[in-house]
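As structure tokens, here come the structures.
Next, two complexes with chain A in common: one pairs it with chain B, the other with chain C.
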Partner chain A sequence: MKTSPATTSERAGAAPGWLRHAPWLIFALFVGYGFAVGGYAATVISFALVYAVFVTGLNIFMGYANQVSFGHNCFAAVAGYASAVLTTAHGWGVAPAMAAGVFLAVAVALAIGLPTLRLKGHYLAMATLACGLISYEIAVEWKSVTQGYLGISGIPPLGVAGYEVTSDRAQLTLLAAIALVATLISGRIRDSRMGRAFLALGASENGAMALGVDVTRLKLLSFVVSAAFSGLAGALFVHVVGYVSPEVFGLHMVILAFTMLYVGGVGSIAGPLVGALLVSLLPEAFRGFKDYQDLAYGAVLILLLIYAPLGVASLFARERTASREKAG
Partner chain B sequence: MIRLGLRNLNKRFGGVAATNDVSFDVPAAGVTAVIGPNGAGKTTLFNLISGFLPPDSGEIFFEGAPIAALKPHRRARLGLVRTFQLVQLFSDMSALDNVKVGRHTRTQAGLLGAVLRSPAARAEEREIDRACRELLDFVGIAHLCDRPAKVLPYGQQRLLEVARALAAEPKLLMLDEPAAGLDAGDSQRLAATIRKVAERGVTVLLIEHDMNLVMSVADHVVVLDFGSRIAEGPPAAVRSDPAVLAAYLGGVEIAHG
Partner chain C sequence: MTPDDARILETVALTGRYGHVAALAPTDLHIRKGELVAVLGPNGAGKSTLLRAIMAQVATSGDVLFEGERLPRDPRAATARGVVLVPEGRGVFGPMTVRENLELGAYRFGKAGFERRLARVVELFPRLGERASQLAGSLSGGEQQMLAIGRALMCDPKVLLLDEPSLGIAPRVTMEIFDTLAVLRDQGLPILLVEQKAPAALKLASRAYVLSLGRVAACLATDQITSYEDLARYYL
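Up next is the complex of A and B:
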């Protein structure tokens, strides 16, 4: 399941220049379509964009630093519930509640990461999976705060300082901006000193260590940063839906995020955004197949992974390597 | 001046003494080579010095300060940087980015600076870029800087690993069998690069099998056999040392296959 962290592929040399912008074109097309049609389409794409934020964060830990986590739903749950409880039971504003939620998710990530990041590969996967399951159980059992299976309803919509984002289109626009900024941040991280260190420790821990990279600390840092994205996604989710229950952040969230990450392109900058949009929209595209909808969805996923094993984003890799070689 | 001092280093694996009470000094100037037959404990010794293995007993002094308790990345920060017998390049990253990782420990920019593209972070990036291109030029592979490391021929991967290690500004550069698997031409280029590195004032400590390379680049040779230091001195003297001849020719090598 380990795929190379960087997207640098020799095939990229074949991609014509304009293709490098294809991920942004796909993004603009989907968001534009949602904006034009509104209603259900806008809602589906809004959810896809929330997932894009989640997967973009997961990609920093799994794609750049090449680690495994089945438990990032835990951080979405922490921030989502925190923001839901603070706004409904304690009268907080949406923005400060979300910020507090993300902060709490980061704190939990630090507490979980310190002991578990000593583990590698499958063991790390199991440990993080356990964290996700535990957070689910807490959401179910801590009824005085989470209301158990009943869930919390009446969560206010997104908004800042009294101004609420209520229409489908406004919400879609805001989420598109947030997903874009998340992708931009991820890209800037990747092309920086820290990002290179993440990629390096993902490729060879010994090699990185021998050059003075504090591997333990940077693994934790990549974990915490990705948890912050997960937390933001979780908080966005509860305010977009207006309701939260334990199932919202269940294991299916992890599976869906993995699908998006690998379909989009693990380790690439725009892959998570493209993957989240495609995977969210695929089932809708096959709605006409009725009973065979899931079958068609599964078949397309398999075909994608066969013909684009490095993800859809790799097909139009924005490869500096390739373009610079051509330039001179 | 002494760059590195080993005092009574011991490391056992089960019943085998991979490093047996080894003591010697590495002078700050020039190139020191550690040689010995297969299984003599050279790589174990390297792992002990660089911190990838803890010694059972003994102490390691780097510029007079004990370092045996430090983790590898802390030793690298002090200026003790190694390469690996099996190259440990970041294979999907470009050659240039590989070298840039070498600058990690000598630079500061954090995540916030990267995300905000602060003037300080950008200035540092420019400086990193300039220094790393210069180093690729120094080892003679500047034209390959945008290639992914994994597509480079083996000899150039070795040179890239040296450039990457130099980026970390080592005071002591440790090369683990740098000529392994190189043809004569590449081996000569490597030898020339090693001499150039030493002339820059960097202490070079290398493990090597290739006696031609050792004789052409080393100023000082330490010979190991069965985990123990059996001889030490200038290359010419070591070559004619009876104990060394016995270790290499006296059937030990054959017995150990």
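Up next is the complex of A and C:
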């Protein structure tokens, strides 16, 4: 991955090189484990990777540009339902249906972003939350298209040009590649001129405005780019599961994605990937606790947030993190 | 050249408001080439609103003329024309390094001429050169203000608007910053300086506008101010 001046060794106190590769090692270990074991483990890790794509998008808007959104599930729902409907009711191939879904999600993000991104902070959070709730209601009520609570079943699996990815290992491999590419793209975005502008916007809106940066346009751009990732995740989800209903893209998705983002490391490149894997697999690790599973899961999350307040990914860049904490 | 020809920035009945609240009554002022003009006044007088109105960062009416032409009512276009604001509170990008902050100052130029601009800024503020790889948020208040001014200079301004550069900064560092402003003034850069610390600002400025309750209460040549009691009545 291209390394920005922000992460070059010239910055005092950067972590040793090998330690900074730890997130990628975690990713490789989890995917390797899922591939070796297959079955349920591969499925759980596959879902985690779909979420990793979603959270990577959310990170662009919330981590880089430092805005707030509780409504990105809306874009996952738009793309997921679009891809489901196009493949099941209109006979489209999976790849073009997914592409159409992502395109539609981006269009919806533009339509929502233009009026709502004038808001800031809590007001923006509430507006985006409302968008997520509205999308849920539309999925419930627009029965002629979405089948309401019954949902749409028989959605074809991932595939392209007549080749279907049906085995759990093949699916895991494909999703790992997609999640990795999404993370690398996110890294390239952060190191790009546009990404620097996102970071500037996130650090000081007044400062960015004073430099002649078009703040409104930049917010919209970060919103739309992140919505594209969310749309891709939504489309992937329906083809991995083979079924979609309104609950899939409900408020639970938002809460889970937030947990993944903050556990992994908001604003970091690999944080969403690490966070999605850890948060998805922690409940499985505590399955033996039976009735106390949720208690143990919650306790670990609290401990993680206490001892790694900037996310697990920050542990692999300790001194830089310390500088950032000092930066306040 | 007549005095009017020398005007680089001029406001004509410029107002500023936040929603329905008018913070700046119709205001006429001007700044000439190579001139440092101070804008003084108590808290809430409309000083910061004046600068934000010039930059079209708040709702405005009236006009701003720059080099004799109407300045576009768009912050981005105003900056592109060379009218650059150093905002109150500095607005440095804390999680980024000093160098990255300066790079963003030259955002609209890309890489063209970056090293030349950087060398000029480092010459004016050597501390920024020493702290190039340090996170901006970890700098002292005075160094952050130097960075904010340096970042604005990276935009190649034709007019610099400064909003309270001494706010929250130790007197010794304030003097250091004001010495640099004097150098910039002597190099011919027109500066509109909003400042509460009148004595320090008046040492630099050739003229001063005094704002009170959102209006220009007085325009004074600094060499005509014999006593700060002349000014004090506008603050009361």
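Heads up, the rule we're going with is that the second predicted complex is superposed on the first by the 302 of 328 C-alpha atoms of A that agree within 3 Å, B and C clash if a C-alpha of one lies under 4 Å from a C-alpha of the other, contacts with A are read in each partner's own complex, and residues count from 1 in each chain.
Going forward, a residue touches a chain if its C-beta (ideal position, glycine included) is under 8 Å from a C-beta of that chain, and two chains touch if they have at least 3 such contacts.
Bear in mind that the values here come from a model prediction, so they are computed numbers and not experimental data.
Residue contacts after overlaying the shared chain place A:189 against chain B, while chain C stays out of touching range.
Comparing chain C and chain B on the residues of chain A they touch gives the larger count to B.
Residue contacts after overlaying the shared chain place A:290 against neither chain B nor chain C. In the superposed pair of complexes, A:90 makes contact with neither chain B nor chain C. By the touch criterion defined above, A:213 lies against chain B and chain C together after alignment on the C-alpha atoms of chain A. In the superposed model, A:225 lies in contact with chain B only, and not with chain C. Taken together, the two complexes place residues 5-6, 10, 193, 196-197, 199-200, 203-204, 206-214, 324 of chain A in contact with chain B and also with chain C.
Chain C makes touch with chain A in their complex at residues 55, 57, 75-80, 84-87, 89-97, 99-100, 103-105, 107-108, 110, 133-138, 148, 151-152, 155.
The touching residues of chain A, counted against chain C in their complex, run 5-6, 10-12, 193, 196-197, 199-200, 202-204, 206-214, 267, 323-324, 326-328. Looking at the complex, you find that chain A touches chain B at residues 4-8, 10, 185, 188-189, 191-197, 199-200, 203-204, 206-215, 221, 225, 320-321, 324-325.
Those residues of chain B that touch chain A in the complex are listed here as 50, 52, 71-73, 76-77, 81-84, 88-94, 97-98, 100-105, 107, 109-111, 113-115, 117, 121, 124-125, 128, 146-148, 151, 164-165, 167-168.
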